[in-house]
Each structure stands twice: as structure tokens, then as C-alpha cells.
Amino acid sequence: MWKKNIETFLGCDADYAEASVVLFGAPFDSTTSFRPGTRFGSSAIRHESYGLESYSPYQDHDITDFSIFDGGDLELPFGDPSPALEQIQTASASILQDNKIPFLLGGEHLVTLGSVRAAAMHFSDLHILHFDAHADLRDEYLGASLSHACVLRRCYELLGKDKIFQYGIRSGDQHEFKWANGKVFTHRFNFSGLENTLDVLDGKPVYLTVDLDVLDPSVFPGTGTPEPGGVSFEELRCAVTAACEHLQIIGADVNELSPHYDPSGISTATACKIVREMLIALLKNKGANFCAARRKL
Amino acid sequence: MWKKNIETFLGCDADYAEASVVLFGAPFDSTTSFRPGTRFGSSAIRHESYGLESYSPYQDHDITDFSIFDGGDLELPFGDPSPALEQIQTASASILQDNKIPFLLGGEHLVTLGSVRAAAMHFSDLHILHFDAHADLRDEYLGASLSHACVLRRCYELLGKDKIFQYGIRSGDQHEFKWANGKVFTHRFNFSGLENTLDVLDGKPVYLTVDLDVLDPSVFPGTGTPEPGGVSFEELRCAVTAACEHLQIIGADVNELSPHYDPSGISTATACKIVREMLIALLKNKGANFCAARRKL
Amino acid sequence: MWKKNIETFLGCDADYAEASVVLFGAPFDSTTSFRPGTRFGSSAIRHESYGLESYSPYQDHDITDFSIFDGGDLELPFGDPSPALEQIQTASASILQDNKIPFLLGGEHLVTLGSVRAAAMHFSDLHILHFDAHADLRDEYLGASLSHACVLRRCYELLGKDKIFQYGIRSGDQHEFKWANGKVFTHRFNFSGLENTLDVLDGKPVYLTVDLDVLDPSVFPGTGTPEPGGVSFEELRCAVTAACEHLQIIGADVNELSPHYDPSGISTATACKIVREMLIALLKNKGANFCAARRKL
Amino acid sequence: MWKKNIETFLGCDADYAEASVVLFGAPFDSTTSFRPGTRFGSSAIRHESYGLESYSPYQDHDITDFSIFDGGDLELPFGDPSPALEQIQTASASILQDNKIPFLLGGEHLVTLGSVRAAAMHFSDLHILHFDAHADLRDEYLGASLSHACVLRRCYELLGKDKIFQYGIRSGDQHEFKWANGKVFTHRFNFSGLENTLDVLDGKPVYLTVDLDVLDPSVFPGTGTPEPGGVSFEELRCAVTAACEHLQIIGADVNELSPHYDPSGISTATACKIVREMLIALLKNKGANFCAARRKL
Amino acid sequence: MWKKNIETFLGCDADYAEASVVLFGAPFDSTTSFRPGTRFGSSAIRHESYGLESYSPYQDHDITDFSIFDGGDLELPFGDPSPALEQIQTASASILQDNKIPFLLGGEHLVTLGSVRAAAMHFSDLHILHFDAHADLRDEYLGASLSHACVLRRCYELLGKDKIFQYGIRSGDQHEFKWANGKVFTHRFNFSGLENTLDVLDGKPVYLTVDLDVLDPSVFPGTGTPEPGGVSFEELRCAVTAACEHLQIIGADVNELSPHYDPSGISTATACKIVREMLIALLKNKGANFCAARRKL
Amino acid sequence: MWKKNIETFLGCDADYAEASVVLFGAPFDSTTSFRPGTRFGSSAIRHESYGLESYSPYQDHDITDFSIFDGGDLELPFGDPSPALEQIQTASASILQDNKIPFLLGGEHLVTLGSVRAAAMHFSDLHILHFDAHADLRDEYLGASLSHACVLRRCYELLGKDKIFQYGIRSGDQHEFKWANGKVFTHRFNFSGLENTLDVLDGKPVYLTVDLDVLDPSVFPGTGTPEPGGVSFEELRCAVTAACEHLQIIGADVNELSPHYDPSGISTATACKIVREMLIALLKNKGANFCAARRKL
């Protein structure tokens, strides 16, 4: 009668060996400068996913039709981010090595750097598609170069020019926007023109990083630095679905949920639904030869 | 100087005998599977209605121009839903018997079944217009057939095919959507096409059930199972106003407010305003012969 | 090494003498009838502004490019509003006397009366542009004539017919709307037609008063009397930017933030961003001769 | 079947004519200087009393054994306290006139002044027993003489020397403590010596005013100005029971519950239990000739 | 590298076969009459136990020195309590059958009945030691006999006279206290005299049921019906430690944590610590022959 | 009329040159392992101190009778703690250099290390008096040696054997307690025996560090890791007063307030009152030659 109590994200209970996608959490928020709490994001997403149906009426697929492994949360030290980033990189690298897609749940946005470092070593022509309220392109922030506010700048240093495409950006300092010119494609406020970027990225290995604060705070209040004037749930849902369906996504993350700031729980519910839609879109058009296809990327 | 302290919904202080509409609350949530608390919904609506104006600038009418009786909350037992549903049925039946409209404030959505049972005995051709995020069409849920997740399925068993019209549905399991095919009219996500349904239902006795979680969680975070991607306040306001103006509504309910999940109180304010607009729309075009008209239905 | 700890609104650290705009807070809410707490509004805006960038990607200007003085909060008595209003009037009058723009942070909406009294003595042809969910045109409320619900009525008594233009109004009693006819221009629900009003007000001295509850409660839940069905952040941002760019604003206020009702902090973030956009729009097109230009008004 | 929905404090549903004690609420907090919200105190006490048993195992009596009338809340204006105090005075005077005990639920502590004014006109030798964290003996506060921080000073002006006995006082400015010397009996921190005061007051008409912040914030966090280091629930329960049993209490109040600051609800539960114990202790030893006895005071 | 994410109570990760104690949760609260939410209790205890040290400085033992299996939460239906109680009974019976101690985490207090039914079939001379604020001895409550308010009455019907010993009781209706006389040993308010009861129960099979609301609400605000005037953490810690050390505890439960009512989390921390102390006290004096010793009971 | 808005701790508005004590905040919490948020502690203490009287009825002194400078909060980077600790050390060293007492408001407990490093360079025979729930004596925690859980171990490495005296300790792992033996004086659970330690420390330079979680969570719920079973406010107030009166305190800190976890605000009120009592006790017996006396230490 008795088996162990195992908590995974909604329906993601495949064995590691069979899984095409591997979810894991990085509960780290030590460089958060304004209001901390994203360390609770990944476990809240997992815990509250039981309030969500596994079936998507948008895509007419059920997440239980696919093989996804949820590896739980990494045990990361707090304070200095270097050892935490190394652990994340190691985890993502091992997943990529096994021809699976790492799907990271933050944590603050800096955790992306660990996964991108792993992906950049695995894919020579790596591109990043980035949905966010903030440009995150500073060279340093409050004296630190490993900061959530610098994460895309650090990624730029790894990947070089014309590899990063940002959408939804509505906050940053004047220098970030100027610096980006000619280096990073930065589209402000919304997703208009995303279809062109999807064409540009077609067939290339793409890492998709979603800072959930790209959403309007009305539907996603549970985040450290709410920025009024964001995109709607429907806009983000369409954007992530389109990206996951049409691109060769080789890794992804969803971050910056800080559940304690939202006692109603709608932010966590929103995060859960975005993750569900991304997972289904990533997997629905891929047949039995999925892992093989991955391998060729 | 001293009279008793009486709390009613905003301006609904008519005597029972004169009233065309009878409000009453069913503070029951024992079958709620995810997060309970809708038992506090009806009293919160009544209590917080004092922050709302009785005049509607949308309809240019004042709720105090009409005769509405607020009977307060039923005293329902918790746990097994059968005796609670019987009490609700008895209450609705007595109101219908007096040629008045029962207007039920939940509570969880299962309370609708009590009122629909009464209405189905009173009106042979009863139809249901249902606004909700969830289809609520399961045969059973966690082993129980009397569950909020099954309420429209139980109603279907009473009324039969082609009698139930659902709008706004954005969550359910795969089987519910398949089962509904050819039995229940289920429109996903929004209210587009509602005018056609209003034409179809014209002149028929209609029970209107509004699960407030049809609203987007941004404006209605105070509910047990928030589902991002819902309709706006303005869309729901227009839909309920149209339905109450154009149809022969013989009973109605508004449910699933769980006020404790929303410390800002905007969910309760939203519920109050929807109830005000529904009551005014139900009553504004009806003259002295209203009760007589009801009788003929 | 040690200097005093000084908290100002984001980047508003000019000396008084150089400043074109003077921010100050009026933490008063004693006449609030439903849910108090706006007394905490001005200090929350100041405190939380550190989570906001000083650069506006909407207007491509940085607030630190301008000279703004933040005078902190007045120390007002609670209870009887008369002495508090006198203090606010004195403060605004001294700023106007120095050819600067008073920018008042409430507090409840009644605080506007103090500033308008000062402005009406300074500008003979004063007009008011008013964004709000509520008409605030009652003659008295619960027996009091100095009430937040009467503030525009009191302003009307100072300024007379055809001087007050209201947008976004979606709540009031029937008498207010009737009374307004032919005296106050009251546009319901949204900002459509605002460009015509901007034409009418062109070149005239205008006091701009923004009750933040004109916003939909989804993005601004932190207020005493939330009114579902309001304008979006984007609509308000465009409206205040247009007004501040095109009109001769001689004074302004932003009020009715009650931060404690919104534990997520998105209401305060929204207030901060609206204030930032207003300040930049007020100042961006004005050159060195700004104070001189003011003087001619 | 249908009767009106009436909410009273637990079991206090006697007719006015039969009642020995008359409960009523004064939801006023306009002079509160730090954190408002006591306006919600009386209705929270009434609403949440349904979670409390009517039987006291401490006194082995049930509140339903006595005749108590709950008159609900007065409708008071906000802002200037003078008209609110007049309404409270009128209400208390009418109850005293009918040889009943007025039992006032605040609201802020200033409301006591209304009741004490009525009682002082009714009883020439009126004394006050006062349990509080704060001395409330300032001559004025922030420029106002009608302030919660001055309420016992105003009472002193009515009653004169050696009539006011304070217990539990642990906060005040230096002047208050000095001024009190030889005018008001002020016992700091706890209730030690209360039995002597009960002897002194024996047989005299006594008004008992309980500011619930005399309690330690651990058990009563829901108040505007929490003062660590207060008395325990058990200490206050014993003190109020002793006072109500042994003295000729001719009026009483319980105030300063601000329920919104305590989402757990334990403050309201504590207030309810103190009120229950006071009511039972006031009434348990009085026979059929109670009203007559009152008359002789 | 990848192993499944498993969440257990602090250090309780033994295999079932080796374990002396089996923890499991019963997330059920459908009969809760006042404020629901104890369904979240067991998972909160498990989740938040990571903030607690496994070492007890009180008992100088570490929980990891013992073999305890955490079976997670049962999946119980909501609404009618009968099937839920059957599942709990089956689970406890299987544990008892394997000569282990079932340690149940509620949920509302009614869940105790499931475990007691199993224990009563296993031990002919079963006694109950019960720590609670409420007597829970009603025959029925709001028309239901399977209610949290009746759970000890139902146990009495199974076990008979002089088998139930209650401590800490400070709330109930008059009839419960009268009925208990001569049937159930009911000690009010505190634990004085507990050592005598421990002597009486010495060597007998005892089921220990702890309703955490026996604690004062100051340290345990997160419960549905807070009752001021309870025991301190230190008093409860000593009482449970004494009982677990000295008695032949054959089953136990800890219930009525409703974590959502306490945003500070101190209630969950308190529950975790009580559970840790109980588990260590149950196991610390038992050697390798523990299971054998159990068998003889 | 206009002067800058300056927020200091209650009455601490002396010039730096005249001040005997210098308050400053270290809003750092990056190594917090369980629940972050102490970064908001120092500003909350400063902000909420306006609800507190400057007069202490315990010590019959007013804080405004003394000269205390509040330097505000340091601007510290988040993430790696090394640069933050250096800034704190520099600040404390400069204050000690000026013969004043540094009084640090945390932040997490690790910030103490910065001040102790400065003090250890200034006073060759430095001792530490430490009030806390946790021993904080680990060699490393989650792989980091600069962690809140290791802070007293790091201090031990600076000061050596028999220099650190801990009171109130009720949580730690088994190794910490064993390691402490013969190196650090660790008294569990309470303050009994403190008078002996005060004798031992008499005349020696003592740094006093107060982790507020030594308090019971009932009166101090707003902290990251609540530990039930702590000391009362009264016990801590007496202990800090005795230490500050009788010892040669050369530096002090108060830390681990995490105000967001306590919406009632009682934790911040408690912190404010402890700081007020410490400041008055530090200064009340020292005359004009205070700075000179300091110099001799």
C-alpha cells in the first residue's frame, strides 16, 4: 500500500531515461536587489500545479501524453552566485548530453546564465529568445557583474552579436538601451514583429528564456519588481506557444515568480499554465524520432 | 431610537411579499477540492456592498427603484452535500411557488444544483445559460458525484440534451470536452456568439448560473481555482446585462467568490457590481404586471 | 563619510531654489468613509520608487535630467479636515508664489481642495482636468461638506461653470450626474474625446488632479473603494502624458493610493510610474526659460 | 419561511425593552494618528462572534441566559469628531435614561468620551476604571484636543480629581505621567493592586473603559499602535471579570480593535471572548430586580 | 545524477519495512464549520519542516537517529466524510498490522476517528489521551453526527466509559460539559494533574490525539477557531514529551493546523516542532526490540 | 518653509560630531537560507519608530535627552557577502575611531561579522555577548563559510576561547553544541545566570549582538526562521537593559527582523522598543565625559 510521496509538476512523472524534456528547479535569489523571494518559485509551481488540468483546451493535447521528467530542485548555496551557477550549468550540461531539453524553473533571472553556459558549449550557433520587462543588459549592478540585472549582458559575452532577441522590454536605464543598439535586438513593450524573429531563428538552436515579469502585474503581481504596462496572459501564451512550436528550442527557462508577494496565488497559477503550454507546444509535433532529431541539432 | 441591525445587499430591503426577486445565500463549500473558502462569499458580498453605489451609470437605473428582498444566508450543514442541496432546493422552490425569481449567492458551484432541481420541477422546458471557466461536466470527481466539478453534468441529467449553453470555458479534462459534443453547447474562452444563443433561448424559461471564475484572475483573484486567460469585467458585465435584459430569467445564481484569497477586496467589489447590474437588468423593463408575466412562463 | 539619510521620490533631489516642480505629500484620510489608509500613500510612493528606473522608455527621457525638489510629507492633524486643508493651501501657495509647480501626493482626494484653493487665488481663469472613477460632486456626504466625496463640488464653488472636465467617471449617485449637467463636463468610463478637451484647455492654466482609482482594480487594487471596469495603465499613462505635454499645467496631484490593501505592491509601483511619467512630460519640452514661462501664465 | 437576516453579537437578541444591557457600535477612527482601521472593530466583533461558544467555562454561565439587546452600529460621519461624539452621547444617554447599561464597541478610544459625557450627566459621583497601554492624558495631540490620545484628559475635565483609575499603562510621554500625579491614579504595566481599587470603588457608579491594546500584542496584534510588554489574556480576563462582578458598572466600552491588521483573526476572537466574559460577569449575579437596582445608583 | 524529488517530514526517510513509526497525512476539512483550511496542514508541516533542525536540544537526540517512514498524504474525497474516514481507517489498520505506530497529520480533528476505529479493533483496552481547546463531545452538530465537533463523542461510543482523558479544554457548550460527567475525564484550561493521568494510563495502549488549538493563539494563530487563553508552547512540549516517553502510545495524531490563516508561518513552525519532539520522545528509549515490544501490547 | 525630508530612528537626530552612539543599517540578507527579507529590517525599524513614544516608562528617560546620530542604511551589493562585510567593517571602524559606539541594525546576522572585525582591531580584549535562538557556530553551511549560520564561529576565530557568551540558544545541530564545549559559553533556552556573565564581563570591552529571534515567535513572528519556545519581550527587555547598563558596551547590533512576514507589524514595534531601551540604557548613566571614558577602554 505504501509508496513514497513524490511531488512533481503536473503529470511530469516519466522516468529520466524516457523523457524528452527534463524539468528542474534552481531556487536561488541572492542577487535580487529589490524584493527577494524567487527562491520559492519553482517549488510553488510544482506544488500548485495540482490545481491545474493536465489538458490544454488551447492546443487540444494533454501533458500526460508526453514523457517529461521532473528532477526537483537543486540544492544551491545562498550568497555568492558562482557555485550556484556552476551547479546549474552542470545539471543542464548533463541533460543536453543525454539529448534531452533542459527546462529550468527559477529562481531569479541570473540562473539562466548557468543553463546558457551549458548550451553554448553544446551548440556552436546558439541563439537566445528573451521575453522580459527588463533588458538585463547592464555591465554591472551595485558593483556586481553576476547579477540578475546583467544576465543577458553575460550571455552576450558568450554568444556575440545578433544572437539575442528581446521582446516586451519596458524598463532599463538609458545606457542599456543605447548599448544594445547593433548588438542585441531589443523590441520594446510587446510582441509585435515576433513572427519575423521566428523566421530569422528558424532551424537554429534556440534557448528560450521567459522572465514572467514581462506579464502585466495585474495578472502576475507575484514578482520582485512589478512593472505596470506589460503584456496580457493571452499575448504571452500565444508568444511562447508560437516559439515552442516553430523553433528548435534546445533549452528553456521560466523565472522570477516570487509567490509570497501574491497571497491570492494567481501568479503561481499563471506560471503553471505558461509552463504547461510551453511543454505541450515543445512536444506535440515531435514523433518517436524526437531524441534523434535533437541529436542532429 | 433603537431598531435592530439588519444587513442586506445594497438597497435590497423590500418586504418579501412585494419583492420580485429574492436574494439568498448558500454558504457551502465542502466539496471544493483545491482551496476552500467560498462559504464566505455570500456574506462578503452583502457586507461589502456598502462600498458600492446603488445607481448604475451603465443602465441609468438605481437598485432602490425596485423591490428586492434579501433573505440572508441559509444555515447549512458542512460535509455531506445532500442535506445542504435539499435545503437550497426547498428555498428556491418556495420562491418560485410565490412567482418570484430566486437569486442565489454561493458558495461553491454545486449549490446551483439545489436551485436547478427546484426550477426543473417548476418549468418543464428549463434551459441553463452558464458562464464559467470550467465545464463542470465530469461524471464524478475524486469518487464523488455530488461535486462542484460535476454540477452541470447533474443538471444535464435533469434537463437532457440541448438545454445547457456554456460560455467562457477554458479548463476541463479531455473527456469532458468530448462528452459534451452533441449534448451540451460549450463555447470556449469568451462570449463570442452569445447573441445567437440569446436568440435561441428567447422566450424560454432560463436559469442563469454565473461562476465568477469566468473572469480573468487579474480582476477576480479571490477564487479557489484561478484560471488565467479569462474574460474582462466589461465583457462579463455586458454578457450578464444582455442575458438578464433579453431572456426570461426564472432563476439565477452568482458563485465561487472566495474572499479570503484576495486581501485587496477587489474580487468582492467585482461580485457586488455584477450582482447589482444583474438585478437592475432583470427588473428595469418590467412593469406592474411583472409577477403576472412570471406566472405565465 | 556620514551624511544624513534622505529619502526622496526617485531622482527628485534638486535644491528647492533650482526646482521647477515641488513634490510634497499630504498624508490625510480622516474623511474616508469606506476603507481608510491613503495616509500611507505618499510615503509608500517615495519609499518604493527605488524599485523603478529613472529612465522612461516611453518618453526617452530620464527624470534625473530635470530639477525637482521633494519636500517630503506635511505633518497634518487627523480628524477635522479644516486645519489640514489650510496647511496644504499654504504649502501650495508658497510654491506657486515662487513660480514653481506644486505636485501633491495624497492622501485622500479631499487634499486636492487645499491646492486648488491656492491655485484659484493665483490664477484667475483656473480650470481643472480630473481623472477619477467617482464624480465627487455631492453637496455633502454623511452630513459633512468637507469630504472626499464632495471635493469637486467644493472646487466648482470656487471656479464656477464650465471649468471642470472629468474623465473616466463610472460611479456616483443619480443626483450627482444630474446636477453636473450644464455645470461640469463629465465623461463616463474612459478617455475618449480627451483630445477635444485638450484643445479647449489649450493655453489656459490647468490644475490636473488624478484619483488613481480611475484605473481598473486589476492593476490598482490598493485603494479604498475599488471600482471594477476602469481604464488600463496604458490608457492612463497616455492620458496623463498628453495632458502634461500639451497643457499649461500649473499644479497637479495624484491621490487615493492605499498601499496596505495591496500586499503585492503593484498599486504603489503603478502610482510611482504614473508620477514619473507625469513629471517627465511636464518638464521635457521646457527649456531654461521655463520659470519665466510659468510666470506669464 | 423567510425572515430578515439579522446579525447580532453572539446570543444578544433580546428585545430592547427587556434588556438589561444594550450593546452598540461606534465605528469611528478619524483621529487615529498612526494606523487607522478601528472603524471595522465593532462589526468584526459581531460578525466573528459566531465562532465563539455562548457558554463560559470560566464562569459556568451561558450568555443566552441573559437579556441583552444589540442595537448594531451607529452611522457616524468621518472627519470632524464633534458630531460623532454627540451621536454617541445621545445614544448612551437614552440607554441610561431607560435604566439599562450602555455597552459601547469602538472604534478608536475617543468614542469613550461620548458615553462618559452621557454618564457624567446621569451620575453625579461617576468614576472611571481604565485598562489601557496608553495614558491618553495629553492636553492636545497634533494640535487637536478631541483626539484618542487626549480622551482621558477630557474625561478628567468632566469628573475632576481622584475619579480615574488606570491600569496597565506602559506608554506615554513624560509630561502625561508627571501631570497625572495627584490627579489620576495611574498604575503602570499590569493589574497588581487592582483589588485595592475595587475596594475603593465599591458601591460607586463606575464606567469601565477597556482599550484592548492593554493586552500584549502577541495575543492582540490587530490594533493601530501595538505596544510590546502587555498583559496576558488571562490577566485581562480576570481583571474585567472581577471589575464587572464586584463593581456597580453603569456603562462600559471595549475599543481599539483594528481587525485588518491581523489576518489570522485572533485579535477579533480575543475581543469577542472579553466581551462575552464582561457581559456574563455584569449580569450573572443580578436577579429580577436588576433594573430597579440600577435605578437607585 | 538525477533522482526523484521526494519531500518528507524532516529526516523521516526510512524505508517502510524498517520504520517503527509511519507518518501520513489526511488533508480533509469538509466538516469544518467556521473557517476551513486544515486540508493544507499536513503538506505545510512537511514542506516547512526544512526550516527546523533535526536535533532536539530539549531531548538531546536527533530525529535522523531513528527510522521513520513518511507515506505522504492520502488522496481523500471532499464532501461526505464517510469514504474519507474509511480510507484513513484502512491506512492506520495496515500500519498497526505491521506492528508500527501510525502517526497521522490532519486535517480537521474528525480524521482522528478513522485512526481510532482502526486502533480500537487492534487493541481491546484502548485509551485516548486528548489535548484540545474544545471538548468535541457533541452528539451532533448542525445536523451531522460525523463532524469535528463530535469526534470524541464518536470515540466514546467505540471505547466506552473512563477511557478518554481530556486536557486543556476551554470551550464547549453547556451540555457537553454536563454530559461528560462520569463518562469522560475532562480537565479544563491546562495540564495540571497530567502526571496522575499518566500513572493511570501506565502500561495501557494509548492513542494520543493533539488538537493544536490547545495552544494559545498567540503562538498558534493558524487554526480555524482560535480560542484565547490556551497553553504555552513550553507547556504543550512538556506534556507531549511526557506522554510519549512514559506511555505505550500505539497511535497518535496532530491536527487542526490551518496554515493560510497565519502568513508569518509561526503556526506551522510550532506544529513541526511538536511533531519532532513527539517522534523523538516516542522512539528514544526503545531499543532494537521495539517492534517486538509493540507486538505484545 | 521647505526643508528636506529626513527619516531617522525616533529622536536620533543629533549631528554626527556630538553623538555618542551612531546608528546605521546594513540591509543585507543574501546568505539567508530559509526565508529572506531581513534586508527590509533596518528601514522598517526607522519608519515605524514614529508609532513609538520617545519616553521609556521603564527607565524614566527620554531618548531625546541624548545625542544619537542615525546615519541611515549603507548601500550594499547583494550576492557575494565579502564586499558587503567590508563596507560594514569600514563604517564601524570609522565610528570606533571617532570614539563613538556603532549600533548596527540588520539585516541578517552575518552583518555582525563586519562590525566585530572592526571592533576586534580596536579592542584587544574584545568579548561578545550574544542573545539568539540559534548557536550560529557551524564551520560552514551549504558549502559557504560566510553564512548567517556560521557568524559566531567566524567571530570565535577572531577572538579565541572564552570570549563569547551565548544566551537563549534553542536550536542548532548536534555538532555545534558539542564543538562549543570549552570554547564558547552557550546557555540554552533563557537568560538564567546572566548576572554571573555580567560579573565576568564587568569592565571588559563587550560587543552585544541581539538576534531578535531569541524572542518567542508569538511576539516576534516577523523573522525568517521562527523557533517556538523563546523568551518573552519582558525577559529580553530586562536582559538588554541590564547588559547595556552594567557593561562597557563598545558596539552593538540588533538583527533578523524580516518585517514582511508579519503584516500586523508587532515584530517591528518590538524591535523598535528593544532598540529604544538599549539606547537609553547605554546612555543614561554617562555624563559629559562619556567620549573620554570610551577612549580609555
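First chain written, first letter: the chains are A, B, C, D, E and F, and each begins at residue 1.
Here is the rule we go by: a contact is a pair of C-beta atoms (placed from the backbone, for glycine too) under 8 Å apart; a residue touches a chain by one contact, two chains touch by 3 or more.
In this text, all values refer to a predicted model and were calculated from it rather than measured experimentally.
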Chain labels contacting chain E and also chain F: A, D
Copies chain C and chain B - interface residue numbers shared by over half, same or different: different
Approximate Å spacing (C-alpha centroids) for the pair chain B, chain D: 42
Distance between the centres, which are taken as Cα means, of chain F and chain A, whole angstrom: 40
Cα-centroid distance, chain C relative to chain E, in whole angstrom: 57
Of all residues in chain A, the ones touching two or more other chains: 216, 218-219, 263
Partner chain F, residues of chain A touching it in the complex: 29-33, 36-37, 39, 75-83, 142-144, 146-147, 260
Partner chain C, residues of chain B touching it in the complex: 50-55, 57, 62, 216, 218-219, 233-234, 237, 263-266, 269-270, 273
Chain E-facing residues of chain F, complex: 34-35, 169-174, 177, 188-189, 216-219, 221-222, 225-229, 261-263
Sites on chain D touched by chain B in the complex: 1-8, 16, 22, 43, 46-47, 69-73, 91, 94, 263
